[in-house]
């Protein structure tokens, strides 16, 4: 790691950048664009976000608030829990614990910095965490292993049984930094009784752990507030998803990022609800005019990203798709399987239902909801088993009438790289052209974005999609 | 006593003849596919330079990939020990040795007495080896020495896929096609290399003085970037060609252990 | 393989699998040490752990697995695809790690291109990553599910007594292996690591009663050896990823060391301690296989594993520990790093190697490391 | 009508001219330095041998790594489309094309019109590309073109296990040091390459018949290895497999001028073998 990097605290660094970025939008457009001249690289992310208008501004504030919470947690007498994107932070907020979500912070670094998060990625390998491990954690984990982040009080992950390298990153950290550790572990099936009760039991274990580590007892009213807010958020999401299935898709492409980033940051918090409301207004306005959400206003192609997006180097992926008139009808990160979701028609049992009647019903709700988080739901079993990755992706492709499927992940993603080839073959048999991207969503050194984009365009052209 | 060290590497073979801790003569040739003939070739060359005959050598120690097929040695020792010993002689006071050879990259930590305390070698993809630079230089159509002059001093070294040597070529070619200046690409290659190596070095908890041996230590670009990444100075051998470290170490061991060899 | 003595056990075991088959016996292959083999044995089905050895090309493995996957499951799939497992009456896939659990899909999908490589009995056996009460409960329901499907498919019935008998039978072998390890102690030192490992590999193939007898005879021979046979050799312990052939160990020993202990994804780790014989068999197996496992997939168990590693090092008077992991094995790879950190701090020399599975790739580099490691210790 | 295909790869540049009745002329030169220059060089060369000049070309299609630098091209096409078309043209029964070039390997499936149905590039690793063989040939001190004939002297199987090119190289070197005969090592290398290419093709589902294209297809050893691991004999179109990219480009160029150039009469298999083997 470069010595100069050792001078900075990662959380504070990202926080101050985002906070400042948030302020830039307060002046006039003229002022804003004049200011952009002074941040030649950072404009690559700031400009597109701000161009999304109110929702973009709210998103910046959301991120700023999230990072602020981390930086100020200990001063405010709150504990910090290191966790993973596919773990719903709602329970932490309900217990007044602040989440430090590695993948979210890795993403921010990968998006914002010219040198990405290379120093942190590599530091993990320096201390012996295998370089074949997933870059989504390494991108920020390196900072915490090097003592360049806020001091973590506890570690919770929910990827055991779903993704080894993810879960292993947290187990490694707990052993390396000697921090208390709890894992939610998922069996290779979804809706059987034994598994439903496993979800529940495991979640009670989590709550016991959180109570012990934070010294806060779980509070019924607080949990109810959070779940009621979640209910609202799910309803808005359902509305948006209904409209996403229209042709053309009225949703601005960057909203995909806003939806899941916001959910990973602030599930069950009202600031996220406000952003969703703004977004719903825009989408329905577009829908009313039968207008595509793309900047060009013209939709040439509908793509389903069956796994994750590409985060390295600003917002290049979304810019590129937008330029080419390709809309994104979602990816594995942006669907949460509330039983009322439009895509669960016919398989409602796969979803969760929010029940705020009493503490037991609410904890049960949390457990079943968390069991349906991105990746947790569909990567846990063989991809061709009921409710798993293939069935899910195919269902989404149909409901949102996608023309093609694109896989993007990281070389560290053992669980999908172990099955993506047959998965793609089966998709093609269903008549859906399927493309496998070989880059790394968080590390441009694996394949430069230009090379990735060139291959992507080649696929769309050669397969006659564009 | 006159001793010799013979280091048969995968790409180059080196021979050194020493008398009482001073180099009398040395030779470097590129290895043939037959280690035995490489060894004979290089030693004859060294002996010739020293103006003596093979029989004048009291003890000869062999090292390197081909060490077990050198006919005329009394004893052999691993690259690690030889490079450690050789580096300590080349840079007295060296506690951490970075040796980048053609096929691998070693980091050796020595104790005060010059014994190997801990070592790491590059198991991963080969982008941290001398071969990486050779392949890249060829793609750029420049000499290895020229490549070495492309240091991070240039304005914008290009970031490279440091994951696969040969794959990185695709990127190099793409940058060439996009008309990027050679210097920037070259600097990028050197930084990719340095970055790879720094991961290995930092992982070994280096202690000063840090020194670097092996052919790549002649590459200013790599050394400078590496110093920047490690935040500490890297000492380069002056007493002899840094490529000879292994052979020198072998010759020194030969002297230390005398006839009959080590163990 | 070099000496007949060490090739013996594995060859012998492979032969007895074929004999079992020829005498109309059923064989079910499995992929990981978390399977309670006693269940199969109770059904009079021979459990044979699948090995990936002897594979020289990965054209079938690479067709279905992606590039960033451990070479071990690829080699198993390669053997399956080329019909080398056609004698199996069933396969049990255990999601020991992400690479291994995808053998499920890849094997079945390969069956679409290569006829007859997927046996009718193809079972995905789920194993939790921790040993809490509820995960033990789930695991025992999974064992029950396995029992039922075996009964159904093979038309057998597996009663509590059958399970008890099987447990007793396997425990006998476990006891003997424990005694076998005494010959590896510095004070006795009459058994090479290569032999010991060959014997434990044989244990994952042979019918247990036959194995117990064979092991007994073998030990009689060993006990007749002159003590101190391997004195003066550097005493290694080998730790980490799967290794189901002798090459790695025999190389370490060919350099003048003796591998006095190992804890690998394959071999003795499977045996572990005895299974309680006086309690309800399923729950006894659950505790043994889930609670007492030393596999890094049991997340959060680092301290316990470090402890047992230290004990082994002391008991066997180990001079140095060789940590190895197959590329893409993150579970062992990264835990090896912390082991190394903590053991070196206690003054125990360690070396860490990353390698490819199978016919030892570029032996040169491996040898160089091990030689240097020995030089460091002497 | 004269249509041209200019395929600027990472190691070589190819130029080909086509008229209504078939191939007029073709050239292959090594790429050194800037691709733009190589493109111009090879086109001038091929025009010269055909006694034509740039302005005689009705439509020129550029393809290959350097395609974006070919400023005199009328249109640009992907290597996939060009190699697919070029290989299929030689024999319309071809449905799967395995192409191994200097920088990458691809498997392409085409329909009865020669249009691409599915394709895949090699994994993010260079083993299994032309560069792999090149580096190995150097390590073994055998000329690249001599590899295939060397292999024929092989007596026993050697397995090359390392996935990484550079480590495969050090593996090869230690094999040599152990005294393993070079022909056996070469056979092992060819086998390893064939295995990777087979896996590539299978992953998109193979449809008969299959042909082997690209620079490495000139290596009879890899060809034999492929037929072995695929368990079927490959189509030898007789044309120089290295030229398929440029040929496909020229064919597409011709189609853009509304001309469908008739395929050559099928060459005799053994004649093809000689070609492919050489």
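For reference, chains read A, B, C and D in written order, and residue numbers begin at 1 within each chain.
Note that a residue touches a chain if its C-beta (ideal position, glycine included) is under 8 Å from a C-beta of that chain, and two chains touch if they have at least 3 such contacts.
As the structure is a prediction and not an experimental result, all values here were calculated from the model.
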Partner chains shared by chain B and chain D (touch criterion as defined above): A, C
Of all chains present, which has the mean Cα position farthest from that of chain B? A
Between chain C and chain D, what distance separates the C-alpha centroids? Give it in angstrom. 44
With chain centres defined as C-alpha means, what is the inter-centre distance between chain A and chain D in Å? 42
Which chain D residues sit where two or more other chains touch them? 123-125, 167, 170, 173-174, 177, 203
Could you list the positions in chain C whose residues touch two or more of the other chains? 63-64, 66-67, 352, 364-365
Residue numbers in chain B touching two or more further chains are 65, 104, 124, 163, 170, 174
Chain-level touch network, classified as line, ring, star, complete or other: complete
Applying the document's contact rule, which stretches of chain D touch chain A when the two form their complex? 78, 80-81, 116, 118-121, 123-124, 203-205
Applying the document's contact rule, which stretches of chain D touch chain B when the two form their complex? 10, 32-35, 65-66, 68-69, 103-104, 124-126, 129, 131-132, 135, 139-141, 164-167, 169-170, 173-174, 176-177, 179, 182
In the complex, chain B residues that touch chain C: 65, 77-81, 104, 115-121, 123-124, 263
Residues of chain B that touch chain A when the two form their complex: 124, 159-163, 170-171, 174, 192, 195, 198-199, 202-203, 228-229, 231
What does chain D use to touch chain C in their complex? 123-125, 157, 159, 161-163, 167, 170-171, 173-174, 177, 191-192, 194-196, 198-200, 202-203, 229
